[in-house]
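Look for chain A in each of the two complexes below; its partner is chain B in the first and chain C in the second.
Take a look at the complex of A and B:
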């Protein structure tokens, strides 16, 4: 087996995995804290990516573009919680109603993005995504280090936030026992908004980096959502750490599978991993068995 | 008393029959229905916009020129370029809208809807898909675009002879179009003096091409042929270029999209397509190009022209049938096509063979600095 090919595929997989991990962690954070199956998480990704592309094409500084992407993702997440999920939960709140509403919003966003930004491929032309030969037959783009660095930094910050701040601890408490939280006089609705804001903010960096690397189209949210769900299940429902590790695992799996299988199987590898977990470890990597 | 009862009945009967009498007399001015089965959402929606723009301009011209006694109503169905959606759309067009004519695109979609159109004897005209097996798919399925085997026949000698690219790698979408191009390259590359050194299939939904690029580099090709469509083809180009594939990239007519043309990584991409001179052509072609430019603020593409032609062809055939006081049906349209064979269309006189395929010249082009430049053919 060609060692350089193994290394190339591994590094490529780590880069993609870091981006999947951030997206999946956002979904897991929202689901873990609020129990809302936020299918429109992919729409936040799409919006963030397209806002960054718009800012880039308008000649704005990249940092402003990233801030704008972050802002739109957070606003979208809060808007979903405030104007879609909360009214539904106030009346009926069944899983299916929430799912269909979120799915509908995703389709609306997809079509709006298509109408406003044009249908088809969109990307930004950045030297960050252009690979250079660092070793014979090993190409690495600067975006690799940006992706890995961003993921490590954000996970470290998130871990600190969830373990060292009152709001973070309350968010974890909301995930475990919302009734007890209310008994202590804390507002579950405010914490719910915080969960949506944080979870949605986590899609902005991968959306920006994907706009540079693979490019976007208005339907990319569906793909992102599928991967986020797969990573959340593989990592263990509700486990932030699990979703992050699973995201990396899926990214590496879909890349390394090309060592032994045809390129056709790259995407399927993620779902083979998912099926494997469903069959042999249904609780996922870090999930716990719920008592019945 | 009896007489009054009868007249009441008669009155009631007449009143009930009135809408039908009106309907029968109005039938002469009822609109013809032209259905479109294009992707209007999803990653291939850009094609739907391009295809529809061509058809809409043709409808405007048909109306301005008063070519037909009855108006034409455009009925759009969104296929998302997926066969399942297309079958649902085609069934609706045939059974509910009673479409006289349908415009289709994409190989998988065309193959999925052809049996439905065949049973209903509804004409289907393809101006975008190039799978070689679309020829002779049904007596009612016609192509106003040259199919892939004609495109590769023009490209391969150029690649091998002019560019010295003998070792070709193929990245192709797992779809009837991709499979067809794989078959063509396997058969025709050796004849042209080249060799297919690697073939890499990718699912239609694939987004990441870094790992594919690593595998492509391993087979050390002189050129990489990309057989995909929609947003994915831009992603493949960017994925290959960003991940160290510096060799010549080549493809077929699906690359002729704005999103590819303006992609910096697509600079130097060689591709084939129909040969059309929008500026120096006949009056019809110039009118098409000028009005398109006026309406959209940019020059038309071959796809715009193909669906303009697909729409205009209906008007030309229906005009002939109307002149002979005949009924516009699938059979009469087909009979008229096979009888006349040659039609004034954008790009010159379009001539059709027995299978309803329009013959057209092919040229080899290259994207350079965001523009398509003629290379050969």
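Take a look at the complex of A and C:
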């Protein structure tokens, strides 16, 4: 087997995996803190990516585009919490009610984006995404380092936030015991808004980077949502670190599977992994048993 | 016009079968599968192959479809026995994605993206019959079976498991057997719907068995009301006539009709969940305990 090809696929997988890891961490953060299975997480990704593409094509500075992508993702997340999840939970909505409502929203977003921005492939051309031959037959675009760097940086920031700041500790407390949190006089509804804002903000950087690398289409949200859900479960529900590690693993697996199979099987491979985990190890890699 | 209405009625009965069988899993057994289109597809391919390769007999096609879909429903029953809630939905999503890839890649059996074409007209013992009476008859039979089961001990056992699994087990109910049977029955039903679909359309390809289709069937069940007998049927008729209705609206460009439809489905699902989680037919207190 061609070593360079393996390396190329591995690096590509790492790059995608870093993006998946960020998205999955957002999903896991929201799920851990609020117990909402946020299926519309992928819709935030789609919106952020397309807003960035729009800003780029309009000739705005890239920083403004990123800011706009962040803003739309955060607004979408908060809107979902305020206008969809909270009203449902007010009348003791079950898990499934939440799931269907969120799925409905992602269908709406997907089709609206398709109508407004046009269906099919969309991406931006930036000098960052042009491959350079770093070793014979091994191409690497600068965006690879940006993706890995962003992921590491954001994870460090997130860990610091969750362990060192007041709000971060409160978020972890909300994940563990909402009743006790309320007994201490903290507002759980404000904290869940924070969780949604933060978790949704995490999709903006990967959405922007994916617009620069592999490109987007209006259905990308589905793929991303399924992957972050898979990563959250493979990593173990309630573990951010697990979601991140599993995100990287799934990205690499999706890429390396191309060595033996055609592209069409890439997605199926991730889900086979997920299916296996659910059957044989439902607690995931780093799972803490849910019963506390 | 009559042919158009007959086509719509046939599709409504076929999707009615899908919706009522899914509802049997969701509403009675509490198993929230988003992979119903997989078994619809299995049935369609099985039925089409029987009709193409052996005899174009509707009963044979339906029997083969029910056998294959029901047999492979073990893929769904296994996770259903091990995990609940989010985990099961995730498992069924995974199954749906994997199955879709298998459908489009197993070209000798499914024709891949091109699909299977030229499926002969349905016959019963050599006599040609229309797809509409066949589908209607199948729908009525399946509805009767569900009604009988729901009232009988099997349905009660399932409802007990749905509401309190450990309590049902403590009462000596075989939880695993009951769940596997419920899944098997519902998937076999979906298989029959698939065979009828193949015979009616005379063409099947993988596009009819996507995640979107599974969600559409789910939406029919939810819009109509989970855990009710006729709710899903009403949901199926409503959601199927929606595209027909939209096609007559002049101000929507033809290329956007599909998108507008999808947006309406999606918005209806979300709004119903917020304002009427038990569906149009279901009564609210029951819907809550069922969900």
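The rule we apply is simple: the second predicted complex is superposed on the first by the 282 of 292 C-alpha atoms of A that agree within 3 Å, B and C clash if a C-alpha of one lies under 4 Å from a C-alpha of the other, contacts with A are read in each partner's own complex, and residues count from 1 in each chain.
Note that in this section a residue touches a chain if its C-beta (ideal position, glycine included) is under 8 Å from a C-beta of that chain, and two chains touch if they have at least 3 such contacts.
This structure is a prediction, so every number in the text was calculated from the model and none was measured.
**Student:** Should the superposition on chain A be reported as showing a clash between chain B and chain C, or a fit?
**Tutor:** In the superposition, chain B runs into chain C.
**Student:** So, A:9: does it touch chain B (first), chain C (second), both, or neither?
**Tutor:** In the superposition, A:9 contacts chain B only.
**Student:** Tell me the contact category for A:282 with respect to chain B and chain C: first, second, both or neither.
**Tutor:** In the superposition, A:282 contacts chain C only.
**Student:** Once the shared chain is lined up, is A:139 touching chain B (first), chain C (second), both, or neither of them?
**Tutor:** First partner only, chain B.
**Student:** Applying the document's definition of touch, where does A:213 land relative to chain B and chain C: first, second, both, or neither?
**Tutor:** Only chain B is touched by A:213; chain C is not.
**Student:** Given the touch rule stated above, what does A:274 touch, chain B (first), chain C (second), both, or neither?
**Tutor:** Second partner only.
**Student:** For A:264 in the superposed arrangement: first (chain B), second (chain C), both or neither?
**Tutor:** both
**Student:** Should A:96 be classified as contacting the first partner (chain B), the second (chain C), both, or neither?
**Tutor:** It touches chain C, and chain B stays clear.
**Student:** Once chain A of both complexes is superposed, is A:229 in touch with chain B (first), chain C (second), both, or neither?
**Tutor:** Only chain C; A:229 stays clear of chain B.
**Student:** So in the superposed three-chain picture, is A:114 touching just chain B, just chain C, both, or none of them (first/second/both/neither)?
**Tutor:** both
**Student:** Following superposition on the C-alpha atoms of chain A, which segment of chain B from the set 1-9, 19-27, 109-117 or 163-171 overlaps chain C?
**Tutor:** 109-117
**Student:** Show me the chain A residues, by the header's touch rule, that chain B contacts in one structure and chain C contacts in the other.
**Tutor:** 110-111, 114, 262, 264, 267-268.
**Student:** Help me check something: in the complex, which residues belonging to chain B touch chain A?
**Tutor:** 41-43, 45-46, 48-49, 171, 174, 200-203, 205-215, 217-218, 230-231, 234-235, 238-239, 241-244, 257-260, 263-264
**Student:** Touching chain A in the complex: which residues of chain C?
**Tutor:** 26, 32, 78-79, 82-83, 85-91, 93-95, 97-98, 100-102, 104-105, 211-212, 215, 218-219, 222, 256, 259-260, 262-263, 265-271, 273-274, 277, 288, 291
**Student:** Could you list, by residue number, the parts of chain A that touch chain C in their complex?
**Tutor:** 37, 84, 87-88, 91-108, 110-112, 114-115, 222, 226, 229-230, 233, 237, 262, 264-265, 267-268, 271-272, 274-275, 278-279, 282
**Student:** Per the contact definition, I'd like the list of chain A residues that touch chain B in the complex.
**Tutor:** Per the touch definition, chain A meets chain B at residues 2, 5, 8-9, 12-13, 15-16, 110-111, 114, 118-123, 125, 129-131, 133, 137, 139, 141, 213-215, 217-220, 223, 254-255, 258, 262-264, 266-268.
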